[in-house]
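One structure, pasted below without further comment.
For clarity, chains are labelled A, B and C in written order, and residue numbers in each chain start from 1.
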Amino acid sequence: MKRSITRLLMAPSVIMLLVWMIIPLSMTIYFSTIRYNLLYPGQNNFVGWMNFEFFITDPGFIPAVSNTLILLLSVLIITVVLGVMLSALIDKPFFGQGIVRVLLISPFFIMPTVNALIWKNMMMNPVYGIFAWISESLGFEPIDWLSSYPLMSVIIMVSWQWLPFAILVFVTALQSQDTEQKEAAQMDGATGWHIFRYLTIPHLARPIAVVVMIETIFLLAVFAEIFVSTGGGPGYDSTNLAYLIYNQALLQYDVGVASAGGLFAVLLANIVAFFLIRAVGKNLTV
Amino acid sequence: MTLNQQRKLKTFLTGLFAWTVALVLFFPIFWMFITSFKTELQAISVPPSLFFEPTLDNFRIVQERSDYIHHAWNSVVTSFGSTIIALIIAIPAAYSMAFFPGKKTKDILLWMLSTKMLPAVGVLVPIYILCRDYGLLDSKTALVIIFTLMNLPIIVWMLFSYFKDLPKEILEAARMDGATPWDEVVKVVLPLSVGAISSTALLSIVLCWNEAFWSLNLTASDAAPLTAMIASYSSPEGLFWAKLSAASTLACAPIVIFGWFCQKQLVQGLTFGAVK
Amino acid sequence: MSYLAITELQKHYDNYHALRGINLSITEGEFVVFVGPSGCGKSTLLRTIAGLESSTGGTIELDGRDITELASSKRDLAMVFQSYALYPHMTVADNLSFALRLAKVSDAEIQEKVRSVSASLQLDALLERKPKELSGGQRQRVAIGRAIVRQPKVFLFDEPLSNLDAALRVQMRLELARLHKKLGTTMIYVTHDQVEAMTLADRVVILNAGQIEQVGTPLELYRQPNSRFVAEFIGTPKMNLIAANKLVRHEDSLAIDLLGQNIMFPVNRLKGPLPESVIVGIRPEHMTLVDQGGDISGRIELVEHLGSEAYAHIQLSSDQTIIVKAPARSELKDGQEVSINIDVSEVILFNESDRVISVIPEEA
């Protein structure tokens, strides 16, 4: 087929994504250099780097950046490590496999706002929550999770959502592992651990890369869980970049500073993406 | 113990372990579901009550107070609408990239994926202002447009990887049989990818249904989908757990049940066919 | 006049020159087999004829019409693929009739054609099945049927038998030969299996590194290869090649020193200038084992008994191992010293650049 036709077929997708990327992004760049507060309209003069200065010197900036990265890394580690271990353990036929699969994947379909509400109220509430009841039954003081360990609470919620996804991907991948290879290793005297370490883990390299990439896309943008559960607090303890910028823009109406923050988030995402897409892109056959 | 007994024991332990993990992970959902049938008092009783007389009052109240049907309809319209539009745009692109790859194809695909890495907060302000200026705040139209663009890269990728796995020789056979490019797509490619296209659609619907960032920031009441409706339960009514649970159950049930039926395709879909 | 004429055909990939000027002329009704090692360009050549690959130079003419730039769908060729490439979502009947339906042939005619093709290929009982419910051999027949039903100008086969097991392959090979006899349509067949090439072809085209090495009937290629490549490619077990450095020219014969003993090669079978050294090619079936007094001698390393015959692997004094055909029930022992007689009339000589410098003797 002619090159021109193939281009024509791709054009709508490419153009729409280009527009989607360029127009808002250039507006963000423009806004980030002017004074622009929705509460004081009409005073939109050029201010240069001031918005960036404001954003970077905001007391929430450093915690937000570190929280974003801690959240990303913790959830990645939890879901990948637990996911690999659990999937390796249940990768054998057993009674009710189909039902277990269905139960396992369910949290992935729960919307983030509901996720946050369930955990905030029914699990982590210090008086009536299930966790409080468990610790009291065991004779411990109940913990007020959301105010004592806000970031960890968010990490638990998000991990709960993404662990099933990781398990399911890994279980699916393990089914394609060569059984003859495992049998050969057994004949060679390999123990279960050896097989896991030298055959299973290398086999999972590609699925792990895929899981890391997809989770990163979504984890950098965690918002609703924080919005609903901790509101970024107490203080800035569970504020991530997304939440900080939302705070600037729609709660303090400071579009200029929020735009500067937005650009910073784009920069951060690009740094992460640069390494990630490069690493994972090689793994995805095109 | 004989080897056979050892194997049986192993199977039993694996099953026990798997069931334990599954039940622990599922427990919060189960608890939400149970709580939605309790009275408010039963909902916060300590120790938690497992046996009680179920009531449907909460569901009635949720519908009355926050008009569940209205928000559910918004969710349906935005998820399905944007999915259909995205598919229409993505199928030709994925087809041409999979079957007529050029030197730039891989770069275009990676670029598309990288637009997914662009954090929504980075463009929140301009999108908000554009919506405000064009009167699209709190409108389903805005959500449909954004959801379409948001999922377009993933949909192109998924379809691309499915199409790429179609045996090329089948298309060549069609060409030798005298098929025009149009015949090829309509009579061979599409019938062969019904499964792929529907599982791509399923994934897109799930992602839209659960999307919270844009729906929280761009809608208030008229166009608010279920994610936004639930968020409104977060603070003021936070302690009315039974009603909260009923609302949550109603919000999640359609998509969870939907997901159960197609979980297998979803894995393939979400991993761009890289994991089978 | 040639039916399919290929002139100076070129195919460049980004950094790979797959076809380097192919010239070939095929007459109507011929069965031509392209054969060669993997990567030699045989499939590329077939696919370029089919229009599935575009050429980067040269022309293809079919039945007096230039089809070089024509789309595959308009070339009036049918192809059978290695993987069969049946449409998995269609029944056997729909697979067979797909091309006819695209060509808007009337329903009655389609039914008639599908019926007759399915009868001749014993597919009648399978018409309503989907490809995945068929065995390998049945799929193969559907793929062939799909090609026949269209009555194309030329059939193209791309290694069609390589996915079948050995017994079925032999059976299908016969069926293809019968089919060609019955239809009389021009067929071009790609394979890497020289047995298929030898048994099916009217003419064999041997390709090597994107060029045609030699074209000829199977027997010509066997008896008169024009290069060492063809000589080694055709025939199982392979032709034995022994290097000889000392040549002495007598009046009507050439004395070739083979490991210390001379064999006398008639000069009237030489062509071209005589080189410094030659490579002597002799097939296993053109040597005989004798107790003593043969042309060369060696020690038996291993004997392969095939039932109808045996092959003795013999180590020569130069440490080279050659293969000699022996009678089925010969009592040969490993380690035994043997002497070998060479049938000089079947010897082929190559020069240092691996081209042939001998001709076959005129049939008496």
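Convention: a residue touches a chain if its C-beta (ideal position, glycine included) is under 8 Å from a C-beta of that chain, and two chains touch if they have at least 3 such contacts.
Keep in mind it's a predicted model, so treat the numbers as computed, not measured.
Two chain pairs are in question, A-B and B-C; the one with more C-beta pairs in contact is A-B.
Most remote from subunit B, judged by the distance between CA-atom centroids, is C. When each chain is reduced to the mean of its CA atoms, the one lying nearest the mean of all protein CA atoms is B.
The mean-CA centres of subunit A and subunit C are about 59 angstrom from one another, to the nearest whole unit.
Mean C-alpha positions place subunit A and subunit B at a centre distance of 15 Å.
Annotation: 55 Å between the Cα-based centres of subunit B and subunit C.
Within the complex formed with subunit A, the residues of subunit B that make contact are 10-12, 14-15, 17-19, 21-23, 25-26, 28-29, 31-32, 35, 44-48, 89-90, 92-93, 95-97, 100-102, 105-106, 108-110, 112-130, 149, 152-153, 156, 161, 164, 181, 206, 209-210, 212-213, 216-217, 226-228, 230-231, 233-234, 238-239, 241, 244-245, 248, 251-252, 255-256, 258-260, 263-264, 266-268, 270-272, 274-276. The touching residues of subunit C, counted against subunit B in their complex, run 50-52, 71-74, 77-79, 81-83, 85-89, 98-99, 102-103, 146, 150, 156.
Taken in their complex, subunit A has these residues touching subunit B: 1, 3, 5-7, 9-10, 12-14, 16-17, 20-21, 23-25, 27-28, 31, 86, 89-90, 92-97, 99-114, 116-123, 127-128, 130, 132-133, 136-137, 160, 163-165, 168-169, 172-173, 176, 206-207, 210-211, 214, 216-217, 220-221, 223-224, 227-229, 241-242, 245-246, 249-250, 255, 258-259, 261-263, 265-266, 268-270, 272-273, 276-277, 281, 283-286.
Against subunit C, the residues of subunit B that register as touching in their complex are 167, 169-170, 172-180, 183, 187-188, 191-192.
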